[in-house]
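Below is one structure, written out as structure tokens; comments come after it.
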Amino acid sequence: MLQIRGLKVAYGHIQALHGIDLDAKAGEITAIIGSNGAGKTSTLMAISGLAPITGGEIKFEGQTISAIPAHAITRLGITHILEGRQLFADQSVEDNLILGGYSRIGKDKAAVMAAVEREMDRFPILRQRRKQQAGTLSGGEQQMLAMSRGLMSEPKFLLMDEPSMGLAPLIVQEIARTIRMLKDSGRAILLVEQMAAVALGLADRAYVLESGKVTITGTGAELARDPEVKRAYLGG
Amino acid sequence: MYDPIILAQIFWTGLASASPHVLMTVGFALTLKVTGLWNFAQAGFMAVAFYTMYMALNWLGLPIAVAVLLAIGTTVAASLATEAYGLQVLRERQSGNLTFFIFTLILSEFLIYVITLIFGTEPQTLFKSILSPVQIIGGVAVSDWDMLGVGLMIGGMFALWLFMTFTRDGQFLTAVADNAKLAELYGISARRSYRVTAVIASLFIVASMYLIGSHGGIVPNTPLELVLSAVLGTLLGGIGRVFAAGAASIFLALIQSFSILFLASRWQNLLLYGFLFVAILLFPRGVRLPKFRFALLAGR
Amino acid sequence: MTNIVLPRRQLLAATALTALAAPAIVRAQSKEPIRLGTAMPLTGSQAGYGADFVTGMRMAAKDVTEAGGIAGRPVEILALDTQADPQLGINAVNRFIGVEKLPMYFVAWSPVVKAVAPISNREKVLAINTGANAPEIAHLGDYVYTAFPLADVDISKLATYSVKTLGKKRAAVLYINNDTGIDAAKIYREFFTAAGGQIVAFEAYDPKATEFTGMLLKTRAANPDMVHIHGLLTDVPQVIAQMRQLGMTQRVSTYSVAYNPKILEQLGAAAEGLIVTSLAPGVAENPRLTPFIERWKKEAGRAPNGLPYIQYQYDMVLMAKAMYEYLDKKGIAATGESLREALLAVKTFELPMTGQMVVDGHRVDKPVYLLTVEKGQFVPLATLS
């Protein structure tokens, strides 16, 4: 579904990606792991149109998307759930969801509200908190809201940036469960994670990024067994 | 001096005189909220607005409605051009805040310089006369200009509130103001929101300059001084809080007006700045009213 | 080949002719222009007056040059911009003295005159005020003189007239809070009370103010029967307009700055009864004025801004002519010192646009012409001397 060839990203003089190749397939979870500053977030940002691409190409379902502006990429069916569970903190849970639905569902109010209900079925806790300001939710609840917001637009492809960050282990497990469910429904998921163990446990395919380059690639299981990966990212 | 009619007069005239400043403050604060930019180019746009109306009325002899429409046209064109060919370029280059600040300031100076070359430095008014018909209502002198000013101020702020609360584009403005990158991911075009903001700010600018220009003389440099009052209101209201900035402007104007009761007129400006120092020191994020509905609205 | 040898007779004739022509050639080469420096607001909010002042001087320079110049030399005007701002005034004068090496210059606007006075005194360069009226100008030093009557001339007479002739007893004085207004307001107060009247309100306003409601309400509460406003053309009309809008119908007086057709346009009916002073004779008193105004209209396409002031600017060139020619006759070079002596020695100047001027030390006394607005026009009210 997604093909990246020779992608280069630079912020001014700082080269974040030095030309990476990556493939993500529908119905699969593809993980990117690596240490801080390796370029994982830059990869996701480049796909969703938020980072300056200085070389290479990104193709989604055969179409080149490297030059399309960010707000239009969402309409192609790609959703990016940002690092840090970014939400419109001052707006209510419900309003965050409604905003998330505008892009794909357009002005059809009924369709948007139906989608809101669907997401609240997926995460009933959101229904409980529907009128609350998003900034007052707990970390795990915010992550659920962020995911629901992303799913409002019925994306084919999900970019998830460090969904486990700052969350308790129990919540992380729940999030992992949800991600698997999403994959089972036929979506493609590109998952960036600091917590390599979680990522490799979920991933069908994985890439290791170091200093803006792909160093190792393989299935999730293969990488989990790889001695270098184990030493660098799995604590021995 | 504490006669209720005199107090009412001071209140009314103070409120009316504040109206153009409130309008330009709201435009300025909205731009700051959505784009994150202290847009000093607004001074240049204010000059464009006034002199377009002046030229249309006095050189071309056009009726006032046409003059206002023309001014809206030129001001919108100027601010959209600045947005597309100036600010967007700086954004793509990831320029720092200082670069934006210097750019907008130089743009204003440039526009004002060109206007000075064309129109000269003599004070000009939109109409030959600066008086407007007056009625005495309950002992208080109320002029047509007063009513127009207060009407535009209240109507403008109300219309903006309706827009930002109930329309898609209005809600998009709030989203972009909150987090532009996130808004993009929601399918909201930040650039479009910046353009919408530029158009709205232009409308407020034209209204403001119409009021000022029909009440007293303007020289090309006047907008640079006026924009200072917009900055003051915005600081006091708190960055990102448009209606609070408007309220702050009204409040500052009334403080100045009522200070006459216990201060000689020549100290009025000093009081204003003194007040501002205190406010900035004690309320660096702007004055926050106790949490009740009004404050929530003001938070938009 | 012919031998070209000029016969002695022809050689002698040629030499004699050359010798006769020599003084004329030498004189033409020494016809260096006399440059008169003037520091005026050419840009900024006061430029409407300042630029016209310079135009008036240039017209006079042209006229004088065409009539033979000053001691046979053409006259040039060197105008530098002050924006009526003290700092820029200092820059302009420093340039006159340091770069242009002028021994004398003309200047106006009270804050500027005060700011440049120390430079004139230190460098012994003569400064002549041609339009400011702060009374302090008479005490700014040995090298600062005025050709324009200071506020104690017209404001004092106006205040006395208001009591003695108009019968006013309670005056409010509203003035701009800078050098233009402060001293003049004090003089009005001094003379109004000396004549038997009472000052019921005495309010200063900020030079940048545009809203005067509070001050006017305070004034209204004091119940005056006369209001004297001493400001600039950028605020006086606003004060009057806002007065009328607040229902205050008292008669208003101000000084020559408001003797300007623009005021009538801006104020319309609100200007009725306004009293202004003028320190130069009008068309009725001076037949040279009408052709001068016609000429101005033809060259500039409009009426002059501040005609009485412009009359002074014009006459400054003639005054300079008298001073330079006094020195030229005595074979003295023109320096700041010598020009100062010349000013005091000549003392009485017959000037075409403003009449006779008698320099009395650092002051000058002139008749004061009062005008008032009647049916939308300025008409003469009284002449006070």
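In order of appearance the chains are A, B and C, and numbering begins at 1 in each one.
The rule is short, and it goes like this: contacts are C-beta pairs under 8 Å (C-beta built on N, C-alpha and C of every residue); 3 or more make two chains touch, one makes a residue touch a chain.
Please read these numbers as outputs of a predicted model, since none were measured by experiment.
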- Query: Between what two chains do the most C-beta pairs come into contact?
  - Reply: B-C
- Could you pull out the chain whose C-alpha mean position is farthest off from that of subunit C? A
- Query: What chain is most central when centres are computed from CA atoms?
  - Reply: B
- Message: Just the number, please: Cα centre separation of subunit A and subunit C in whole Å.
- Response: 77
- For subunit B and subunit C, what's the span in angstrom between their mean Cα positions? 40
- Given the complex with subunit C, which residues does subunit B contribute to the contact? 1, 3, 6, 9-10, 13-14, 17, 116, 120-123, 125, 128-132, 134, 136, 141, 143, 215-217, 219, 221, 225, 256-261, 264-266, 268-269
- Query: Which residues of subunit C touch subunit B in their complex?
  - Reply: 43-45, 47-48, 177, 203-206, 208-215, 217-218, 221, 233-234, 237-238, 241, 244-247, 265-268, 270
- Query: Which residues of subunit B touch subunit A in the complex?
  - Reply: 92, 94, 168, 171, 174-175, 178-179, 181-192, 299
- Query: Which positions of subunit A touch subunit B when the two form their complex?
  - Reply: 11-12, 48-50, 52, 69-72, 74-75, 79-80, 82, 86-91, 99-100, 102-104, 107, 149, 153
